[in-house]
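Here it is, the structure in full.
Note that the chains are named A, B and C in the order they appear, and that numbering of residues resets to 1 at the start of each chain.
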Amino acid sequence: MAEASYPEDLKYHPEHDWARIDGGEATLGITWYAQDSLGEVVFFEGPEIGSEVTKDQPYAEVESVKAVSDVVAPVSGEVIAVNDSLSDAPEAINADPYETGWLIKIRLSDPSEADSLMDAAAYAASLE
Amino acid sequence: MAGYTPATDPERAEMLARIGVDSIDDLFEQIPADIRLDRPLDLEDGMSESEVYRLLAGFADTNLDAERIPSFLGAGMYDHYVPAIVDAIVSRSEFLTPYTPYQPEVSQGGLQVMFEFQTAMSEITGLPVSNAGLYEGPSAAASAAYLAMGQTRRTGLVVSRGLHPHSRETLATHAVGFGATLVEVGMEGGLTSGEELEAAVTEETAAVFLQNPNFLGAVEDISALGEAVRAKGALLVVQVDPMTLGILRPPGECGADIAYGEGQPLGNRLDFGGPSFGFFCAKEEYIRKMPGRIAGETTDADGRRGFVLTLQTREQHIRREKATSNICTAQALNALAGMVHLAWLGKQGFVELGELMARRTAHARRLIGGLDGYELLHDAPVVREFAVRSERPVEEILPLGDEAHGPAPRLPVYPLGRDYPEYEDSFLVAVTENRSVDEIGWLAHMLEHGQAGWGEHIHDHDHEGNPVAGGVA
Amino acid sequence: MSGPTLTETPQQADRARTIYEKSVPGRRAAQLPPLGEGIEETPIEELIPANLLREKPAELPETSEPEIIRHYNRLSRRNFDLDTGFYPLGSCTMKYNPRLNERVAALPGHSKLHPATDPADAQGALQLMYLLQESLAEITGLPTVSLQPSAGSQGELAGLLLTRAYHADQGRNPTKVLTPDTAHGTNPASVTMAGYEVVKVATNEEGGVDVDDLRSKVDEDVACLMLTNPNTLGVFDENITEIAGLVHEAGGLLYYDGANLNAIMGQARPGDMGFDIVHVNLHKSFSQPHGGGGPGAGPIAVSGRVEPFIPRPQVIREEADGEVFYDLDYDRPKSIGRLRGFQGNFGVFVRSLAYILSLGGDGLAEASRLAVLNANYLKTRLSEGRAGKYLPVAFERHCMHEFVLSGAPMKKELGIKTLDLAKRLLDFGFHPPTVYFPLLVDEALMVEPVETEAKEHLDAFADAIEQILEEAESDPEIARNAPYTTPVRRLDEVGATRNPRIRQPQ
């Protein structure tokens, strides 16, 4: 994805992570800005299914050739899926950070946490 | 004074003028006066090249090196024959004087050597992943422990008493920092006790360290010992002597997760203990947890084949406090020497050398084990080193001669007492391809008869290393 | 695996082939000595049980000796090296490697001496080590030196384990180590391996330690502060005495990373600044060749209160009845133990002592003075013209032996990054400076010209940078696609990391 984009249907964390809330579950990933700063992603290793992620705490790392970046959980919950296709094709995180480049899905432990996240406009403004 | 510096007085004046200061001292003004050294360093004045040469050659002359006396010393470093092409290649400026290959476009030579080295080490250990080299053998044990602890999230290290004492002590030193606990497993008949090992390995064990051949020279049954390790989910780590892998089953075929070792026998000088290189090989699943540099193959902007340092996010300059290791040295020049030696031996020569060592060692073992006053410490199979027990105290059999010609040299065998109080009456004998049948006979004679004729195999050499007539005897 | 392209000559294509690909079944180089009279060719299975033996030989190359030497000679030509050209790699001290040192290290009395030789038969080697210990003690201003650590990073770890042992001996167990944010990556990595937690200290506007920030972080839980002085910005920290006082008052130790010792030999000594532990990189200030990434050595010098804990064995000098004897002392009950096998990288010690003897005390001091002169001269040259405009100095003051430029204006105004400048320098026959370090400076270039470089090389380097910037003003694409004249062009590091190919396919 060559141009910056921040979809309206997502919630954003200041550490450049997004959450797509769907009832009691959420899909998590990193934003266009995060993947652009990192450069071409070469490696992603997700947490184990069944493990817990905690809001504002790192749960995984993404690597480019010369940088490692913590991925921070925008909301808390139990990991119910990890995007396995990224182990063979981590470049999806660059090419399509919001769809095929998603990282994990969780079952929310406290859905109200999402209220503290930014909407697309606020996040885009924070990058100015 | 030889400063190797080119700046003449007029040049200095011109440079200072350009900078805009009056003297070099002005540039040091940022160092507060109270910590400036207000006197010259208390060292000798600089010497001419020929004076330095004479002084250091004089030091060298007082050392009883392996060209002056047939050395049966081993214990991790061995007097192998290093082919002349090794010296020729490693002394080339293009290999000797660059830094780490940070600019791959102008470092293809060094990077390709790393790739070839990784392939060779992977082949001889039977493990798919190799790094480009570590400092040396025993400290590679610490690297293996760090990997295993990170991998298993456990803190226990179980160590065979057959592991090199320097490796055991190095592990103990590092364990304090790593927060690891060490348990030692004893020996039986020259081999690691399987029963003790099984009892020592628990659900808290991160790794089990074995050595093959072990410090007493005995070939261990790694596969059999490894069963207890696997059952508890610990990593099996084996320190190997690379020169024996021409004939011994490689650790990768014995279930080892990691194999590491001292690379000196491959193309490196004895150098009184270093520099040499360490090697570190592992199963595929540990590729992103490896310590040290790794070279990888790729292509350039025009599609040509090339090599780069790869998987660098493991390393300290990127991952900093979370790095897989603090090591940023590959001992590249020493690893190159190892690679050239391996290429020179080649596929067949590597096997033949292993066989030659095993046969000569068997001969020496038979001969010395049969001497009056001596017996074998163990009768387990060996490749190029074995342990002998003496009726007389080892300290008594070592000095050769009556000191009439100055201090008497010591018989170059390795006394076990310092490292193994329980084997205070024993010593190790190492036999490489450099030790002839005659020299083995000389050793047997010395052990049996003591001083008589001790000077027969002692040689002198001039400063260029050429043997000269006569000798210290 | 990519084959040769049409633009490549057959010889170029050959150079990228590995020794494995040149292997021909049946070829060989080694001729081993005969087994010897009276030794039987016993089948190996009779000596060692078959289940412990290798079933098939390892795949090593099958090559003749002439092919081996040609292969590696050709590979060598694909390396840039210090003997061929200017190598101003910041923080690496790429000074001339005297060939005398190689000659004395190769003498059989040194190179063929087994490390387990009885000390009585290795007096020359032990005396040499003792002399080096004493010399480094004088240069660093600390009483005791252990030569054992294999490299700077191992010296760091040794120093931190000494710190731990020192505190433990006093019944204390502090948990934190302070490092400035300009520190080398090895510092925090070593801190973790020693079981400590890294706490970063900020840098002030002059490029030194932010003393107020330090004050707010120093407490009884601080085991030590690790510092390089001059630091990685080439700046000497004038507040060092105050900094030392703050850390010492809280019970902590001061650790000196000797990476930049080449600036201050004979001018100032870490011991006099208040440091307790120093590691010295013999492959930097003391001329051991870098070997394409090792070997080196990282001896440590320590103060009296840390001395009981140093690694063993230690080389000692004993005198009885007028006879001097050098020995290895293992009887050090408070020692942290060993960090490696045997006594350390002796071959490196021979070279470094030869260097110290050649220069002498005055010569070492002069080397540092000229290193600082060269650095300031080159910094001045690069503050003029286009370099001054596009590559400003990160800290505007006299530097010590190295200095840091920022490529940020160049990136903004010319659209070329520090990496592009570095790659274009290769076409001019220069090894680029250290790039993107220290992290504190945006688009950093760290330049260390060393004392053994003649003025004309510094001038030529400054001229090349001027020319590259001028060229970029009209066509930035030239630098962006550089280099053009090197054995290979920019390499696909992303591909190499995504699909690691780290050995010859089986």
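Operating definition for what follows: a contact is a pair of C-beta atoms (placed from the backbone, for glycine too) under 8 Å apart; a residue touches a chain by one contact, two chains touch by 3 or more.
No experiment lies behind these values; they were computed from the predicted model shown.
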- Query: Taking each chain's centre as the average of its Cα atoms, which is closest to the average over all protein Cα atoms shown?
  - Reply: C
- Chain located farthest away, centre of subunit A as origin (C-alpha): B
- Per the C-alpha means, the centres of subunit A and subunit C lie apart by a whole-Å value of 39
- Message: Rounded to a whole Å, what is the gap between the Cα centroids of subunit B and subunit C?
- Response: 20
- Rounded to the nearest Å, the gap separating the Cα centres of subunit A and subunit B is 46
- Overlap residues in subunit C, where contacts from two or more other chains coincide: 493, 497
- Query: Which residue numbers or ranges of subunit B touch two or more of the other chains?
  - Reply: 312, 318-319, 322
- Among all residues of subunit A, those touching at least two other chains are 43, 63-66
- Item | Complex interface listing, subunit C residues touching subunit A | 436, 493-494, 497-498
- Going by the contact rule at the top, pick out the subunit A residues touching subunit C in the complex. 40, 42-43, 63-66, 90-91
- Task: Would you pull the subunit B residues touching subunit A in the complex into a rising list?
- Result: 288, 312-313, 318-319, 322
